[in-house]
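Here chain A shows up in two complexes: once beside chain B, once beside chain C.
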Partner chain A sequence: MLTLDGVQVSFGGVSALKGVSMTVAAGETVGLVGPNGAGKTTLFNVISGIVRPTAGNITFRGQSVLKAPEWKRARMGIGRSFQIARPLHHCTVRENLIVAQRFGAGRIDHQRIDEILDLLKLGHKADRDAVSELALTEHKALEVGKALATDPHLLLLDEVLAGLETNGKRAFMEQLALVRDRFNLAMVVIEHDIPTISALCPRVVVLNFGEIIAEGPPAAVFRNPEVVRSYTGEAAA
Partner chain B sequence: MKRFLVPAALAAAYVAVPLAFGGNPYVMGLIVAALTIGGIAVAWALLGNLGGMVSFGHAAFFGVGSYTSAVLSMKLGVPPLAGLLLGGLGAAVASIATMPALRLKGPYFALAILAYAHIFQILATEMTGVTGGAGGLLSIPRFPTLLGVDLGSKTGGYIIILTIVVLSAAAYAAIRRSAWGLALKAMHDTEIATRVIGVPSTHLKAAMLALSAFITGVVGAFNAHFINFLEPDYAFSGTWTVLPIAAAIFGGYRTVWGPVIGALTIYLLDQLVFKELMPHGHQFVLGMLLVGMILFSPGGLAPILGRRLEGRVRHAHA
Partner chain C sequence: MLSLTLQALFSGVLAGGYYAMVAVGLALVFGTMRIINLAHGELVLLAAYVAYAAESQYGLNPVMAIPFALVIVGASAALVYALLSRIDQDREINSLILTFGLGIILTNAVLMIWAADIHSTTAPWFQESVVVADTLFAMRSEVVFFVGGLVLMAGVHGWLNHSWQGRAVRALSSNRNAAKLMGVNPRRTEILSFLVAALLATFAGIAIYTGKTIFPSLGHVMTVKAFIITVLAGMGSIPGVLIGAVMIGCIESLTVTYVSASLQELAGMILFLVVLFVMPSGLFGGRKAIAR
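What follows is the complex of A and B.
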């Protein structure tokens, strides 16, 4: 479904991504991990169109998306959340989803919006102001909800569990699994919490200094000495 | 009670005002001028509230609309009522020239639009063969008589400009309520968050600029056929920018009807009261009034009136 081929990104003289190649299959859930500054969010920004790569190619459902702006990629089926929630200002929770659905999916289907609100446990806050009247978990859920309302095929979730306590994390993870199965989504999830990512993602990709250093099943990847070194900061042998 | 407010206000505007002031061309002329400013003020507020852009150059669209309709009716015999729409279209097309400025933010956009207004004024002055140059255009065709109503009279002009303002405000209100309106308002604070859910933010801003220019152009075209005379210094005068901004701020630029209420209030107060009391320098009082409004009620007059009305509704239901 998604193929990245030798994607490079440079900011001035700094290489944020150095020839990243990876694929995500339809319906697959992939964990994207790595220490701070590894290039995880930059990779999401490149896939969603916020940042243009300096080299490489990105294809989504068989089409190159390199020239498509972020709003076109959303309409093609690439949905994303931000690490720091960005609810639409001057809008209620429901209106956030209406805008996302109207522009991302090209229609307004109130039944579907109600279903998303219920799945994400936001139904009781549907008519509340999205900026000032939501708790942290609800802001995170709204981030996912906005992306879902665009009818995505692929969901990019940037540290959507960060800041939640253990029980909140577990509950939210269960919601994400439900959402994934209900809408038959592929997901790429950035997350630092290893037990969480291991439970949610059958495959994990590890980025360090803009390069993929390991990928595979979580149990094997997190035992990989290079991955351990990247987290502990020890120099490679 | 609120349900009947709009129909009652419209009935008063279309029936009571002509009945009360139809015999007084001076007052009717002032009301038409106030609504002309009100129409531009609605267009300016639409661009500010929905497009997130502050314009110091709406005189450009007013002038282009005026000249488009005047020239088409004088040279090609286009009926003035059709000229209204074509004037609006002319201004909307002119706004395309200003669209590179959409990449600019805040005061830079405002100043760029101001520069465009000067460019259009120079073009109108220099294109003598089409616009009559600095000498302007005289005897621009007046509005016809329709269904027994002389639309070229002060009362006829009032009906036309009132209809333009009502339709413009209704379109503005409809957009505000729609998903477009929600996306536009959200874009001001979180543009990237709207773009990743499929909102083509630059296209939406361009559409609001074109719509704002269209409304202003229609108002400009109306004015050309109402006063039957145009010259570049008048059609592109900064007055067509400054007064609508003052009206929108005084009336409440965050509301749909605030700019119209503001235009009627400040222009009629100025012309009928302050000018009588202070024939020289009466604008000073107007300026003080505007400063007072900004200091004591930054939201403008419309929210104050709205709160009073709600209070009365609650009182009536108690």
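What follows is the complex of A and C.
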């Protein structure tokens, strides 16, 4: 579904991504991990079109998306959530989803909106005055909901579980798994919490200094000495 | 004394109506593009001079000049947008320089074509006195364009809140990147904002030509006034901008009545500074939003 081929990004003289190549299959959930500054969010920015790569190619569902601006990529089926929630202020939760659906999917389907609200447990807050009243978990759910409303085939979730306590993380992760299965989505999830990412993602890709240093099943990857050194900062066992 | 004060406040409210039309346009463009269009006042100037040319050269009623002014001002706004959209680095500062330069070019073009003389409509209908609530006087033009301006701004408010393109404007204003990832086409939304701003500027220009006097530096004066009002209101809501505009209109009118006409602009500036000192986010600030 998604193929990155030798993607490079430079900001001035600094290389943020150094020839990243990876694939995500339809319906697959991939964890993207790495220490701060590894290039995880930059990779999301490149896939979603916010940042243009200096070299390399990105194909989505068989088409190169390099020249497509971010709003076209959203309409092609690449959904994205941000680490810091970016709702439309002064709009209700439902209005946020409807705007995303109208522009991202090009249609209004109230049944799907209701379904998203139910899956993300936002139904009781759907028509409250403004999103500024939401709790942290609800803000996170809204971020996912806005992306889901655009009818994506691929969902990029940037530290959507960050800041939640253990039980909250577990509950939210279960919701994400339900959402993925219900809408048959491919997902790429950036997350620092190893137990969480191991439970959610059958495959993990590790970035460090803009390069992929390991990928594979979580159990094997998190035992990789290079990953241990780069990601946790601890010496290899 | 009381009737004089009431009359000053009434005149201030009426002036606030067309100040608001200019300021809402500036705020709309700022909301969608995060740039301050320093040539916005010159669009008002252009509309006013189109009305003047239509009346003085072709004998047209200034109201009949509105369609011509709309086309010319709309085309000018589209040109400003086309140039602005080519800026891809340091957009905030480069757009200020570009629009400041365009404002100077437009002002000098007006000066070259129509000279520096002061003009106003010669149609007596606009300048006839009307009495409101038995004791308050105004020119017919002021009342007509105040009411027309309110209707127009209510329309823009409704468009922002209830149309899909209006919601796209609000989405871009709320968070540009998030809106784009929701599928909002920023270019289409931005050009639409410019055209709506041009529509408001056109009506404001015709209002000023029929109710006040016009001169080539009017554009600069209107840009500064619109900027002050927009910041005073908190870079946001249309009702907030309207209240800010009426406040500026009233303080100016009271200053002219009780102090001196030469201190009119200074009074507005002092109010602006006092409000910003006490409420740094403006009267209705706090969140970046258009409408509501």
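By definition in this document, the second predicted complex is superposed on the first by the 228 of 237 C-alpha atoms of A that agree within 3 Å, B and C clash if a C-alpha of one lies under 4 Å from a C-alpha of the other, contacts with A are read in each partner's own complex, and residues count from 1 in each chain.
Operating definition for what follows: a contact is a pair of C-beta atoms (placed from the backbone, for glycine too) under 8 Å apart; a residue touches a chain by one contact, two chains touch by 3 or more.
Just so you know, these numbers come straight off a predicted model, no measurement behind them.
Quick one: on chain A, after the overlay, do chain B and chain C clash, or do they fit? Just give me the call.
Taken together on chain A, chain C would clash with chain B, as the superposition shows.
Pick one for A:Leu200: touches chain B only (first), chain C only (second), both, or neither.
So A:Leu200 meets neither chain B nor chain C here.
So in the superposed three-chain picture, is A:Ala141 touching just chain B, just chain C, both, or none of them (first/second/both/neither)?
neither
Between chain B (first) and chain C (second), which, if any, makes contact with A:Leu176: first, second, both or neither?
In the superposed model, A:Leu176 contacts neither chain B nor chain C.
For chain A, which residues lie in the overlap of the chain B contacts and the chain C contacts?
Common interface on chain A, chain B vs chain C: 48-50, 69-71, 74-75, 79-80, 82, 86-91, 95, 99-100, 102-105, 146-147, 149-150.
Would you pull the chain B residues touching chain A in the complex into a rising list?
179, 182-183, 185-186, 188-190, 192-201
Give every residue of chain A touching chain C within the complex, in rising order.
48-50, 69-71, 74-75, 79-80, 82, 86-91, 95, 99-100, 102-106, 132, 146-147, 149-150
Spell out the residues on chain C that touch chain A in their complex, using ranges where they run on.
Against chain A, chain C makes touches at 164, 167-168, 170-171, 174-175, 177-186, 287-289, 292.
Going by the contact rule at the top, pick out the chain A residues touching chain B in the complex.
Residue positions touching the partner: 48-50, 69-72, 74-75, 79-80, 82, 86-91, 95, 98-100, 102-105, 108, 146-147, 149-150.
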